[in-house]
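Presented sequentially are two complexes of chain A, the first with chain B as partner and the second with chain C.
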Partner chain A sequence: MKRVIILISILAVTLLSSLVISFVAEITVPRSLRDLSKYYIANTIIDTASPESVAAIVWDYRGLDTVYETLVLYLAIVGGLAIFTIKGGFPRGEPMGLTELSRNATKIIVLLIATVSAAIAFHGHLTPGGGFPGGSALAVATMLIIPVYSVNILLEKGITSTKLVAIRGFALTGLGLVALLPVVKGLEIVTNQKFYPGFLNGVVISGSISLYNLLEFLAVASGFTAVALYLSIPEELYKGEVRD
Partner chain B sequence: MIEAVLFWIGAFLFILGGVFDLLAAIGMIRFPNFYVRLHAATIGAIYGAVLPLIGISLMALGIPELPGRYAVAGASFITAIILLVVAPVGSHVLAYAAHKSKSVPWSPVVDALEKDEEK
Partner chain C sequence: MIKYIVVGLLVFIVYITFAGSLSTYTVMTGLLVSTVLSIMSAKYLVVDEKKLFDLKRLLYAVYYFVKYMTIIEIKAHMDVVKRIINMDIDPGIVKVPVNVKSRYARLLVMGSITNTPGTVVVDEKNNYFYVNWIKVTTFEPVEARRIISEEFEYYAYKIFE
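Presenting the complex of A and B:
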């Protein structure tokens, strides 16, 4: 009886509050734009050759900020990996995994996730998305493989933490080079349109924005996958290491 | 004509999905143990989510004045297909894990799984 009273009161509160919000509260929509928004809307495509003003702000107008942010995330993941490192390399074992049914469904889902993540990353200069969301989505695919197929399958296929950290280092070096290259010609650091071409054979590539997206995609995907690999090491191994 | 037919079929599927959701919710409360409740939850996920999504895609196709109706229809149809693949696997894995870890009481009338595993 008590449960029913609680449930009915929750239902009543929900309905009442939704009615109150829809009838009483005025949801105000701004009718005018600020000058800064007007500038971005009018000039993004001219300044950066990118129709997506969020990507343009993140990687062009505020590009230096994002490059440093990437550096902070790089250091955070390096710190995490340093804590979880164990002597004698990654432990290997027999792959066990889940049932046939879940494996087959995971194959389809992983393929879908990989496709969608690539689309998010490589269209980042045209549509909402970009390198970071795309890379995180690709890392989800490997995180799905670890419980369903076991981490040993990944290791057998050659996706080891050493290789992932190497890919991450390569991608971040590339990112730094893309940011630094304009300095050679006497331009500012993280310059886009004055140095990189906005169009390639008539296709919009938005100069350095698509390069940043591609490299950030690689860096984030490999970094998060490496973290997932290390988190799948059983606790007993670390305890044994402390005892030694 | 064809638009109206699509719209009403879509609306019917949409409302049918709501009915199945209600049934699933009643089942979640009334059913006696974990496995049967899982069955009710999966009904909510398949008939209560996949059917309305297909209904939405048909309804979107049935409204010619809706801007971007093909995008709405395609996105909801693809979401329905993905749910159709994912949701049964989710409940399968949940039931498998609960059975293997013996974390819920197991008192079957007929145990076909045990016979399968004996072979």
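Presenting the complex of A and C:
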């Protein structure tokens, strides 16, 4: 009986609180926009050829800031990898991983994550998302493979930290070139529409914004995957190195 | 070859659905992404291409999906709701034999058991699933299979074996 009373009380509180939120203490939604917001909503598409204000702010209006931020993150990852480096390369061993069921489920999940991450990155100049969230999502796929299949499977398939750092380096060089190329024509660094086309056969590509997103996607996915690889090195190995 | 097309199509559908658009840009990038991912992954995902042509398997899959999401799920939910209110529970882990052999059939049975409230597959070993059951009525493996997974196995067999 006591149990039923408690359950009914929980149900009553849940229902009551939802009713209170809906009708009495209504959550206030702002009804007016600040001038700055109005400016971005009205002009983003004209200034940057992108309908997505956030992407336009990040990669165009304050593009130089983002390029430097990307550089800072790159240096942070390089620093991290330098700390975790061990002599004699990555230790290889027999792959163990989880059960057959987990592996089969993971195969499908990894494919779906890769698909969704590509959609996030490719639509970064049109809808919320972009290179960073897309790359982080793709890195989740590899982080899932490590416990389920073992890190050795990634190494056997040729996904080594050296290659990943090289991909990251290539992507960041590309990113730097996209930012610098307008200077050749006497334009400002990180110029978008005056140098890169906003539309291609009527399709919105938002000039440099889609290029930045694609390169950032590669850079973040490879960088985070490299970190995940290094973090899966057993602690004992480092202790051994310190003792030596 | 057909496995690459089927995997590519699956990727393309997921891509388009997630992007929520059928614009030229989405379709073009979707085609690119589905081609790359299907080349990379189809060989790991599909072993027996012949099964992909079998219309009967597809119809069974659609029928099972609808039946599972409606009748089986609702029955399992209502059963657990009743048990929560009455505290009519006696949890424990039982050994359930699995007769289907193919990897996706086993995966479907595991997913079906876990997705219905009241039963969770916690491990698998030597053709047995170890199921955490909210109300253990029997520890006898064959009888437990009859109650927990017989129906799931029937459809998994028809779809994937």
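One rule holds for everything that comes next: the second predicted complex is superposed on the first by the 217 of 244 C-alpha atoms of A that agree within 3 Å, B and C clash if a C-alpha of one lies under 4 Å from a C-alpha of the other, contacts with A are read in each partner's own complex, and residues count from 1 in each chain.
In this section, a residue touches a chain if its C-beta (ideal position, glycine included) is under 8 Å from a C-beta of that chain, and two chains touch if they have at least 3 such contacts.
Everything numeric in this text was worked out from a predicted model, so none of it was measured.
Number of chain A residues touched is higher for C, counting chain B against chain C. In the superposed pair of complexes, A:Ala42 makes contact with neither chain B nor chain C. Looking at the shared chain after the overlay, A:Val4 reaches chain C, while chain B stays out of its contact range.
When the shared chain is aligned, chain B comes close enough to touch A:Leu98, but chain C does not. Contacts of A:Leu64 after superposition: neither chain B nor chain C is touched.
After overlaying the two complexes on the shared chain, residue contacts for A:Ile108 are found with chain B and with chain C alike.
In the superposition on chain A, chain A positions 99, 101, 105, 108, 112 are in contact with chain B in one complex as well as with chain C in the other.
Those residues of chain A that touch chain B in the complex are listed here as 98-99, 101-102, 105-106, 108-109, 112.
By the touch rule above, chain B contacts chain A in their complex via residues 82, 85-86, 89, 92-93, 96.
Residues 3-4, 7, 99-101, 104-105, 107-108, 110-112, 114-116, 118-119, 122-123, 126-127, 202-205 of chain A are the ones that touch chain C when the two sit in their complex.
Residues of chain C touching chain A in their complex: 7, 10-11, 14-15, 18-21, 23-26, 28-30, 33-34, 37, 41, 44-45, 84-85, 87, 103-104, 106-107, 110-111, 121, 123-124.
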